[in-house]
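Have a look at this one.
Note that the chains take the letters A, B, C and D in the order they are written out, and that residue 1 is the start of every chain.
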């Protein structure tokens, strides 16, 4: 089958690889109908993520079940499904506490041998282990484009918003209006805030944020912390969602919130260790959360919200390309010429 | 000054009464700029609420501060304010737990001597005791019509929605699409449900509910519990908000929810004691809440939401009349010819 | 094998029945090392629960795994286990919301054909379907007597206490000091209340409640609602846990709590439908919860608490008997001559 | 009157100062019956906190009301009271959100002109502004020694424990067994954990922690993170409470918790800005909270718990001295020869 594979730092290539098949009784073989390119794929492209040569890439995908193992109960051939970008067992100590992303046996799609040796979704087929726990059926009438982000980027935005502890009437600051920031803005609306300020430096992103109900703050024109305090009588936002990962963005997210408020970071940290304003945190009694998404907990409610027309995550798709064009898709995305690209095998 | 007063069962009259003045140091004298007629006023009209002859009526009002006592810190003459429909001390054991509606010293506007002997808002002036705790300033640029319902009916809808424990993606059933049911529908949206089913038997009310994003169910055409179960794969809604008070409506609210769900009742119960489905409650592990609104806890966030354009409670106003026409207003409202009437002194 | 079976209303008998074996791949065969007699068994004895002649009884048990199906991952022969009193699938809509007791496919041990046709724990062997989801391993060093109640009665007490929303410093009323009431008292302590009042009419039960840190109120000597209000400056308890099921006990539980408080009912309702104080509920803004225990959610933390010596559920065992003596055990328990009886096969 | 005053870095002195009197209508004059020496007092002694020469020290105190202003409603002369260590208005935006420690007008006792110019509690008399909001009556039968810590150190321990989000059955790590760490250990017990590991390097402190139910870990003998992971099957604690303020202690608190867990820091940070393990926070989806205590929210429930004998904060008092001996008390405390000293005027 055709699949995008990692070749070397800076080089990915569409190649022919063996079509995978089911080995374990809990697995499902999925014929991919749509994949997507994610910011994490660029980390791989640039050699920031350890990966083996030849690994099939892609961790955002939807498809149709072609075969299932004997233990799979929730799915049968022909079912349309969306998968989480990682698998989890559902039974270990941390899964039982609801922290599926902390599963002792988790494995990540499209990340090669060092992350569990799964296949990838930028391919014609992919095998999903622990299928009953890691996939959800796509509701009838929902398109692939509507469903695909439930497995990663939309769930991440929701995770960030939920952990910001937003109450109806609150003021929220979203730092960063890239794909994740836009999803966080969309999801923050589900918690009834009065106002969401969205901070970025790119006008086109801020325009999209505004279409989602956000109030844009262009950090290249104004000091974002001062702007937010100016709009809130000097008090600050009730909470903020950090969607960039740079320490300067983290600082904006922390300084923007009022005493007693919450900062929820979903951006991938650009540094293993970095400066942190301990005294401000303590004086203002703040809560700081960081994390990558606990997808499995959110797929169902998000699919329900999409089916009801309450959220429209497919609105951020800027480019629709063929799997054969995946190399060009990576180039476009890396050059920031695309907001979000989906790939049809 | 002019004021609507209770005369006898079925008889209210606009009369001249002495203009009230400040006696206590924590009081504010408010020149009323807009009052409203509430369902509870009809209970008084029909003699279901004990009240003294001559009592000034009205418990929903906004106005301008004309005078304040020496202890009042948050307000000064000229400030535009909205008041809760009751006062509370803020210091007793239950106020300290945040249950202001359970205050040992609470008093209710427009309900005469037996409910604390306050004045009423269907008048030119009213004195608000415990003003710092019972009133909120109206934000600049907000109209009286936008602000007035924060003190009673909108806060009641919010209280009902909040106590329904709605999570993003949930299905909610609102039983009753009168003024409170419409407010509950509007407020339930703030908690991110996928779908809100609104049950009533009056088409015009259901149309308004639909404009607020609700899915109408006409209980005179279909069995509402069966309809909701039909729309949810036989499972039922995650929670329901009861906004009528009749036991038949309570039963619909209870039977509509799934196992583990919550029923939040804000309708005034039509019976002191009545039948309750204990075995269903136990088998399905349900939560049933009832209550009248803890207004003081919600005024600020609701004003923030109105200021931001997130909710538009004034949309339900059907009639704008003069205080002099209050008797006719009661007649129209009692005859169900009006959804909501406001009165200008 | 030997097993206690239902014969007719009022008649249970220890008989020889075929030893069960594994049929499904997710099942475990457990050699029972300890069973217990529960209040629900008396409902069966007295013909209040529909059941087929010959059904093996008993739904509280611990044992050693003798055999497992191919799909079972968490257990292997030789493991010591405690089982929930019911099985649940873990994948249906309500299981995914965490409401395992509302599972569409749930089945109950020791309740015959009408409740899923499982075996029972008052026997030498029992098959546990959905074993990975329905059982927990018993920590090393923990006795059978310490572990057994995790699967039903202790989890029920915890469920009642958790749903009472107790905060540190609160006053709690437990109505009923039978086995479930004692477990609820023990578990309520885990939420840090200042005081727990326990209401019953039997001195010996009240003495046990007192040993668990409760303050006894003998309802045959004083009016329990008045007593609780007298001890709380007329305000009432913050919450109550109803552990009897009679409507008079429910009324005590409701009338005992302060405005804004919570009543959590775990007693099996003695009536399908009964009187309910709607106006009191509404005037005092109360929350009323009923339900039977969502066991699977609580087994692990309860085992951890027992292992750490924080709770000692085995303290309520009054009689240790042989399976062969089960008929006599039922007689003793029915005559209220025993607090709690365990049976050794 | 006699009062301990700040003279210069390293020098405090008992001197005669004018007896204060009531100026504002909301104030109370309190005759101090017991004061205490706190770790923050040592920060002042060593010149780490800006303060004016002559400032009266002490922010932990109980006493008897001698006089009240016209607006004070909850207190009258003769009432025994305990005060928060700071005052707050109760009406500003952050007070209304329940964050009294973020009040725009807060002032701190015993910290001189730069912190609101209040008096201090290491004196014969002190004036408490905003008395209705900042003080609580001491229940009849409770000693001064039992009540005094409610206003600072006990509330701080509770605040740390509550913000750790402890659930029944959890494992908790308390880092530091000084006065605050001991209070945190005592308060963590109120949330029903299975086990509390307490980390320190001083044997006598660890012994006290053990008396409070903690499991001691001597960090001078074992690596505390490895020890905690060893005791939890390699998973780590569910949450930790940091009670030291040194970055090494913060690191222990962070590294000790499992994925999805919470770190609650109440120690005063030793650095304004310092290293923070962003990638660990993100990979493990952790929550980090810091803060100083929101005392006013906790005084009542803590007094109720003390009155009921559930917590015994006076157990940590090691020295009882006279106000005249305050200089020696500071020396002893600074030399770590005392766990906690109280001063009788």
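Convention: a residue touches a chain if its C-beta (ideal position, glycine included) is under 8 Å from a C-beta of that chain, and two chains touch if they have at least 3 such contacts.
This is a predicted model, so every value here is computed, not measured.
Considering every other chain in turn, the ones in contact with both chain C and chain D prove to be A, B. With B-D and A-D as the two chain pairs, more C-beta contacts join A-D. Remark: chain B and chain D have CA centroids separated by 42 Å (rounded to whole angstrom).
The geometric centre of chain A is 41 Å away from that of chain D, both derived from CA atoms. Among the residues of chain B, those in touch with two or more other chains are 300. Here chain A touches chain C in the complex through residues 25, 70-71, 73-74, 90-91, 93, 96, 132, 300, going by the rule given at the top. Chain A contributes residues 93-94, 97-99, 101-102, 163, 233, 235, 247, 250, 258-260, 265, 268-269, 271-279, 281-292, 294 to its touches with chain D in the complex.
Contacts from chain A toward chain B in the complex involve residues 158, 162, 167-171, 187, 189-195, 300-302, 304-305, 307-308, 310.
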